[in-house]
Each structure stands twice: as structure tokens, then as C-alpha cells.
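Two complexes, one shared chain (chain A), two partners (chain B, chain C).
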Partner chain A sequence: MKGLHRLCFIALFLLALLVAGVLFALIFRISFKELGDAISSPEVLFALRLSLWTSLAAIIIALILGLPSGYLLARRNFRGKVILDTLIDIPLVMTPLVAGVGLLLLFGQTYLGKYLARVGINFIFSPWGAVIAQAFIAAPIVARSSKAAFEEVSPRYEWAAQTLGLRPFRTFFRVTLPMARQGILSGIVLAWARAIGEFGATLMVAGATRMKTETLPIAVFLNISSGELGIALSCALLLIAMGLIILLILKQIGNNHRRELPMKGIE
Partner chain B sequence: MLLFFVPAGLMIRSNIKIFILFFSFLSLLGLSRPGGEARCEDIHLLAGAGLRQPVDQLIDLFREQTGCRVIVDYAGAGNLLARIIASGHGDLFMPGSFYYIKRLEQEGLVDSFSIIAYHTPVIGVNRGKAHLISSFQDLARPGVRLALGDPEAMAFGRVAMEILEKSKIKDEIVKNVVVYGATSKQMALYVAQGDADASIIGRADAIQYQDRIKIIPVPEEYFEAEIIAIALLKKAADRPEVIRFRDFMGSENAIEVFRHFGFLHLDGAER
Partner chain C sequence: MAVISLVNVRNLILKDISFDINDGEIFALVGPSGAGKTTLLQVLAGLAPYSGRIFSDARPLDGVPPYKRGMGYLFQDLLLFPHLTVEGNLIIAMGRETAGKRRKMERAAELLELMGIAPLVRRFPHELSGGEKQRVALARALASSPEILLLDEPFSSLDFRIARYLRLEFKRLQKLLGFNALFVTHNMREAAELADRVGVLNDGRLIQVVKPDDLWLSADPAEESFLEKTNILFVSNHRETGNGLIEVEWAGHSFVVPDEGKPFERVAISPREVFISNLTPPGPPVNRFQGRIKKVRESEGMAIIEVEVGDESIEAKITMEYLRTLNLSVDDNVCGILKLRALQGC
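Presenting the complex of A and B:
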């Protein structure tokens, strides 16, 4: 066993070295002053704000669509379930750029796109394009993780609650949802991480209009392309910082979960 | 395939053996490169995304003729420039606008360059909107939806901005811009799909979507056609195969390929 562990340790060390190397390379390329100037510039502040609200809106949409889907897939068997289940996973394996072209074609000059535009919902070339691009990728993650979380909750609890007189909706909100909370929360956090870093689909659907559809990843791309490495790297560091926060939240959720596990049988 | 089977069979015996086997396979794979033709180190070209069609065809032709492989990175010119400056990577640089070669020259990285063709900006109009937009002035009409390139990030974005400046109706036209894109092809797609009514793009980009995009010339006094050139970077200046490729790209045959895809000849006959 010792030899195996040593080899594994070498692999772990190399992996950690690579990640740390990338982080240091990014951080040491800019000075504190450059970073400060960039972060207080209107462009970066705009990108940060836009990234935050679009990803939040995307997560809400993902939750509204993903959570019920996950619940149904966990609880019911119906004809075509496998097909549906696989279908909603496709965005996860799709190249974002392809997803972007698909969304552009779907919501562009089609009847659907024209109808939505008439009632005031315009995805093309607007910040809402970034929202839909992010939701497209976030919703399947939420659906997937909540499906797994609901599957872990035995339907017996629901039966018991209903026998005791709780109506189905209240059973869901007061029994099932609280018990599946951990899995769903970590799914949301993961989905949020993907949403905030989304680039390819946003570029196609929303465009790369500075100070309008410029999310943090778009800002990184535009500023690398125009040789403004300082601004690009500052945005990149902001993204990494947010990723770090997301990871910490995830770890925290994991810890809580483990602490609560022994209670599970009694719940 | 073999690579995956052999170590699996040995797994139980020793981990070190697996590693040795694995790496010796890797090195074997590395040594036995396909194609027994004259050994020639790979040439690394960084080319503007809009030049892909002719360049793809030409590197195949070059490989047939010389056996040398050219590896191309396609991206927006500004992106490529940043990459060359940051990493010193690449043998040749071929942006859609001469401006970027000049910038690289200021960095002291260019050895020499050959001029290939014109990259002419045109107004590409969605055929469904051709009745509304028939001249440059029509771009300022209220209600027209325009797509332009980001002026900092890509060649035709910068060119379009210069054109607007000279036209004296920049403000009116900019009001109509609904989206800024990152590559010329992206904007051509927007116009072809009808998501935007018109854009200032490369002639070659518009020709690619000929059935959906109508070409309207930009008044000649508003621009000087962009020159497509290929620059030899200093660090590759002593490699004969790289120099050969540069000369090949400047040859009459290569220029003919460019012309086939809608780029204009330097003698200006078609302008």
C-alpha cells in the first residue's frame, strides 16, 4: 500500500502545483496599483454588477424549472422518462458556443422570438440574453442535483405526513424539501459557479457590447483582445475570488450535512 | 487502445511497472509520427479568424508541396497580438489588419513581412432589409439595427469606427448599434440571420453568406482598405521552412486563393 500511496501523493502534489502555479502567474502579472485602478474603474464595476444580477436571475429561473423537474424525475415513473431525463442533460455536454448559436437561432427571427419581443421579452443582444444563456446551463445542474437529493429522501416520510393529514403541497414544503435541502443547496451553488463563468453562449446571444452586455468573462475576453491585460486580469481575479467564495460555501454545506447525518434515521 | 489494455492486466503486480510501460508507450507514440516525408519542424502561424477559409486551403497546399506542417491558431487580431506579446509564442503572424503588425513591430518582435491582399470593409445588409438600406447614409436611418465590431478588440471594429468618424454622421449611426461583436464572422451571422439589419464587415465575410447578405460599398473617401500581410517573427527568422512559407503566402497562387474567397487583389483592379 505504501508504494501506491507515494505515487498518489506525487500526483496530488503535481496537481496542486499546477493549480497554484496558474494562480500565482495570474496574480503576479499585475501590481496592486493596477488591480486597484482596474477594480475601481466603471467598466469593471459594471461587469461585476452585471455578472452578479444576471447570474442571480439565472439561478432563480434554474430553480423554478429545475427543482420541480428533479422532484418529478425522482418520484414518478412515466413513459419517455429516460428520454426526458437524458434530454435535459444535453446542455451540460454541449459546447457553450453551440448552445449560444442554438439560443440565438431559437429566440432570434423565429415566431417565438418575435412574439416574445412583442410582449417585451428580448433575449437577443440584451442582458437578458446573458440570463437565458446562464439559465440554460444552470437549470440542468439544479435538476440533476435535486433529483439525486429527492431520491435520498424515502417517500415513506411523505406517506406518513399525509396519513397524519398534511396536504401534498405542505408535505412537499415542510417534509420533503427540508430533508433534501443539502443536496439541493450544493446543486444551486455549483450551478451558480457555472452561470457566473459562462462565456461562449453569452457572447453569441447577448453580444460583447461594452457597458451593456459585458459580464466579467466577456470583460476578460474583450480586454485581452484589446491588449488591456491589467483590466482583463483584474476581472479574472474577481471571478476567481467569487469561485473561492462559492467553494467555501460548498464545503460548509458538506460539513453541515455530515454533522446532521447521524440524526437522519430519527428525523 | 493497446495502451489501455496492457496496464490494466498488470495492475495487480506492480504500480511502478505500469508507469514504466505507460511512459515508454508514450515515448514510442511520440517517435513514430505519421508520414515519412522530409523531416521538417512544424510551423506555427497565428492568423485572424476572418482569414480562415483561404488559409486552411493554403496550408494544405503547402503541406502537399513541401511536407511541412503548419499549425494555425485562429482568433481576433487583438487577441493574437496579446498572446504573442505575453508568451513570445509563434513563428508567423497574419492579422486581418496591418495595424496589428505595426503594433507588434513597435514591440520589436517583427523581422519582416509580405503583403498579400486587401481586406476591404463593406456594408453587409440582410437581403430582407435591402429595400431600407441602399447606401451608407441609410445606416443613420432611425430604426435600423446595426451590429458593429468592438473597436478595441477586432480589426473591422476599429476600421468601422474610423469610417464613421470620417462620415461625419457617426453619432446618428452609433445610435442604431444594437450589438458589438468580437469577430467579423459573428456579425456576418447576425446579419445573415436577420438579428441585425446591417453591419460593417469584411468583403469576404459578406461573400460567404452571399445568398442572405447584400453587399453595399463603403464610400471610398471614408477608408483605406486594410492590408493583409504576413509577418515573420524575429525568433523564427533563421528557419528556412518558415521563410519559405512566408514567401509561399505572398506568391501569385496564394493570392489567387484569397481572391477566390472575396479578398481583393492588391493592384486594386476590382476596387
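Presenting the complex of A and C:
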């Protein structure tokens, strides 16, 4: 047993070394002054703002589509459920670049894309393209985690609520949703992390136009390509900082959930 | 006047159930596991499909969704909402008819006061004991101002003493608030203690509806198969002992029986609650008798032992393993104990 543990420890050490090495390489490549100048530059501030609002809009779309989907998949059995359940998982395993090509064709070449363009909604090579690309990646994550969270809440609580006179919508918002909130929140945070770091699909749909469709990952790509290492690394460090915040939030949600678990067990 | 009427209600489990529940009445349904007791409650609450007709105050309820039926349901597992405080659990049930948050809070406080749990108002369900949860669930069901309260084995998961105390509390509240209730139980004693009338359900059929006192004397063979043959002892020389017990005489032995506050001439006890041994059991000499084994037979893997006590006889039900351990046979002398809490005057 001791030998096995020693081998595992070596593997863990190597993995930690690799992660720390990447972080060090990014952090210590530029000085604090360079970092400060870059972060306050209009381009980085633009990328930060664009990343924040596109990811926020994407999460709202993901919630509007993912939450009801997750609830339905958790609560009802219907013909074709397995097919739909599998279908919404495809973006999770799809290469983002390929997803982007698909979105580009759907919103650019098809009747749908042409119709939307005619009424003035243009996703291709616009910031809304970034929103759609991010939502496409984020919605299945929200749907999947919501489904799992709703499955954890016994439908008998909904029965109890209805016998107390609560209509179905009120039952959902006052009973089911609050009881499933931990799992749903985790899903939202994870989906947001994927959305804000989304690159491949965004590049295909929104393109990489400086100061127009330049999200943080696109900014890293553009500035590395043009040799602006300071700006590229600042954007990278901002993404890492956001990742850390997300990890902390997830940990906090996990702790709250653990505190509440005994209560669910008793009830 | 009937508050709830069921006419030929049937589904996969229930078979043509028809009965009425009268105003101000507590109606109990007894039956073994799988008899359809919980299904019947779910049908009434609109949670399970059925055919037939159900009326509430002559208003047809068929096709009416659960949230419009006016049936308060106390589930066996209570289902208190874990994310809400005790007060929140009550307020959510009040709906729109109780206007204003302040009024709702006052009403919640009144109900909790009535239940004797006013200090628990800010607690969460996981901070409550089993008995407290039971009372909160009852208060919550009442908070929705139902036409009738449906209770699914409401006291089955509680300690004997707490269950008994809560039964008395429930009876007091019912008298005070005058609500109608239908509760299901497999505990005949519970049914006899609480209900005004008892319906016996077996295999999805309502076999009969009787007064609680007559429950022990039922002669219906189908009913007996689940109710078991209850020992009915004709007792005499009643004497109050002053501590909630009544001393009576049966077959030349004296016994104490819980005082239920009503006169009785018979005492009922399930054969499962009659303990027998070929040795004198240790412990205080209360509710004991001496007798001789008249007959031993096997029924559904258990041994039924008929014991002759003076001119009377009583049956005890023990496991076959215990019978082998005791090595008992006909004509052996045995000592017996009648468990006090299982004795029911009727």
C-alpha cells in the first residue's frame, strides 16, 4: 500500500508542478508596471467589458432555455425523451470550433439566418454572435445541472404544496426552485466559466475584430498574433483571476450544500 | 350532513369505494399494508387518477386539480419545506384568502400557539424533533383552511408515549376547531381512540364501516384475516386506581387497563400482545395470569396458543422459533402477561 501511495504522490506532485509552472510562466513574464499599463489600456478594458456583458447575456439565455428543459427532463417521461436528452448533451462533447462553424452556417446561410438579417438581427461578425456562441455552450450545462438538481427534490414536495393550495407556477417558484437552488447555482457558475472563456465558437461566429468582437480570449489570441505580449498576458491574467473567483464561489456553494444535506435526509 | 361523499370510486387498486364523511366527524380507515389506504387519500386529494364521483359539500370534485380541492393532506413523511422556517411553512399555505403579510404572521402565531409550539416559529424543520415536526405539519395543513384534513399514518413514526400524547392533542384540537378529518392507519387502537367511525379497507375494498367500539367485535371473516382474532375479555368489578388506570377482574385474576374516560365491559387485546412463558417472568406482578395450554396451531408461520384460564380462554401469538425454545405442548402450565399499553376497554 505504501508503494502505491508513493507513486500516486509523485503523480500528484507532477500535476501540481505543471499547473503551478503554467501559472508562474504567465504571472512572472511581465512586470507589475507593464501589467498595470496594459490593464488600464482601452483595448483590455473593452475586452473585459465585452466579455462580461456577452457572458451575462449568454447566461440569461442559457437559463431561459436550460432551466425549463432540465425541469421537464427531471419530472416527465415522454416519447422521444432519450433522443432530446442526448441531443442537448452534444454541445458538451462537441469541439467549440465545430460548434462555431455550425452556428455560422445556421445563422448565415439558412433561411433562418437570412430572415433574421432581414429584420435587423445579425449575429454574424457582431458581438451578438459572441452571445449566441457562448449561450450554445452554456445552455446544455445549465440544463444538465438543473436536471440533476430537480431530480434531487422529491416530487412529493410539489404534491404537498399543491394540497396546500399552491398553483403549479407558485409551487415551482416557491418550493421546487428554492429546494434545487444549490445544484442550479453550481451549474450557472460552471456555465458562466465556460462562457467567459469561450474562444473557438466565438471566433467562428463573431470573428476576431479588434475593439468590436474582442472578448478576453479573442484579445489574447489577437495580441499574441501581433506580438503584443503585455496586453495578451494581462487578458490571460484577468481570465485566471475570474477562474479563481469561480472556483471560490463553487467551493462556497458546495459547503452550503453539505450543510443542508442532513436536512434533506431527515425530510 | 355529508361533507365528503365518494360514489363508486375505483382505480387500479381501489374497487368501488362508496362512503360519506359527515360534518365535524373524524373518520378512520384501517387496513393492512397494500390495502389501498394511501391510494384512497391520494384519490381524494386529486393526486391519483380514479373513476367514479367525489363530492365536497355537494360540489363535484372530479377533474378538479389538487390546489383547488380544499383537502389538507398530512403526509406520512410530513414533507415540511426544508428551506422555510416553521412560520414560512405556515404562511406559504395561507394563500391569497388571508390578506397581508402581518395578518398571515398573526394567524401563523395563533396556530402555533394552539399547537403549543409558539417558540419554534423561527426554527427550520431540521432543527425540530419528530413530535414537533408532526405538530408543525398539522398546523400547516390547517393553515390552508381545508374542507377536510387527510392524514396518512400520522403517528406511526413516533415513540409510543409521544404518539399517545399527540393523539389526545389532536382530539382536543378537533373539538376546538371543529375540522373534519379522514385518517388512515394500520393501528386499530389508534383508530378506536380517535375516530367517530372506522372503515375497514382490505384489498382495495371497503369491507364495512363501524363504530370504534364495534371494531373489536367484528365477525366478518374477510376482516378477521387482517384484523386477526382479537381476544375479547369480559371483565367485572371495575375500580379506579387514581393514576389513569382502572383495575378490573377477569377469570379470577385482576388486571389494570388504561382509563380512556368511557365505561367498558370488555377488554380487547391482540394475541401478539399476550406474552407467555413456562417460567414465572421477572418484573412486577402486574397483569399476570396462570393457565393451561388447550391447543397449539400454526397460522402463517406463527404459533397460536390457546390458553385456558379458569373458565375462560385467551390466545397468544408467538413465533415458531420461540415455541420451540420454550418446548411447549398441550396441557403444559404457563404464565402469561397482558401488556398494559395494548389493553383496550370497549
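Things to note:
One rule holds for everything that comes next: the second predicted complex is superposed on the first by the 260 of 267 C-alpha atoms of A that agree within 3 Å, B and C clash if a C-alpha of one lies under 4 Å from a C-alpha of the other, contacts with A are read in each partner's own complex, and residues count from 1 in each chain.
Everything that follows uses one rule, which is that a contact is a pair of C-beta atoms (placed from the backbone, for glycine too) under 8 Å apart; a residue touches a chain by one contact, two chains touch by 3 or more.
Keep in mind the model is a prediction, meaning the values are calculated, not measured.
After superposition on chain A, the partners chain B and chain C are accommodated together without colliding. Touch criterion met: A:Leu7 reaches chain B, while chain C stays clear of it.
In the superposition on chain A, A:Arg210 makes contact with chain B only, not with chain C.
By the touch criterion stated above, A:Leu164 is placed in contact with chain C alone, chain B being left untouched. When both complexes are overlaid on chain A, the residue A:Ile124 reaches chain B alone and has no touch with chain C. Of the two partner chains placed by the overlay, only chain C lies in contact with A:Met179; chain B stays clear of it. If you stand at the C-alpha centre of chain A, chain B and chain C are 150 degrees apart, rounded to the nearest 10.
In the overlay built on the shared chain, the residue A:Ile246 is in contact with neither chain B nor chain C.
After superposing the two complexes on chain A, the shortest C-alpha to C-alpha distance between chain B and chain C comes to 43 Å.
Taken together, the two complexes place no residue of chain A in contact with both chain B and chain C.
Of all the residues in chain A, the ones that touch chain C in their complex are 154, 156-157, 159-168, 171, 174-175, 178-179, 181, 260, 262-264, 266-267. Residues 3-4, 7, 101, 104-105, 108-109, 124-125, 203-204, 206-210, 213, 221-222, 224-229 of chain A touch chain B in their complex.
Across the complex, chain A is touched by residues 15-16, 19, 76, 78-79, 81-82, 85-86, 103, 147, 150, 152-154, 177-182, 186, 189, 193-196 of chain B. By the touch criterion given at the top, residues 45-47, 65-73, 75, 77-83, 92-93, 95, 124-126, 140-141, 143-144, 150 of chain C touch chain A in their complex.
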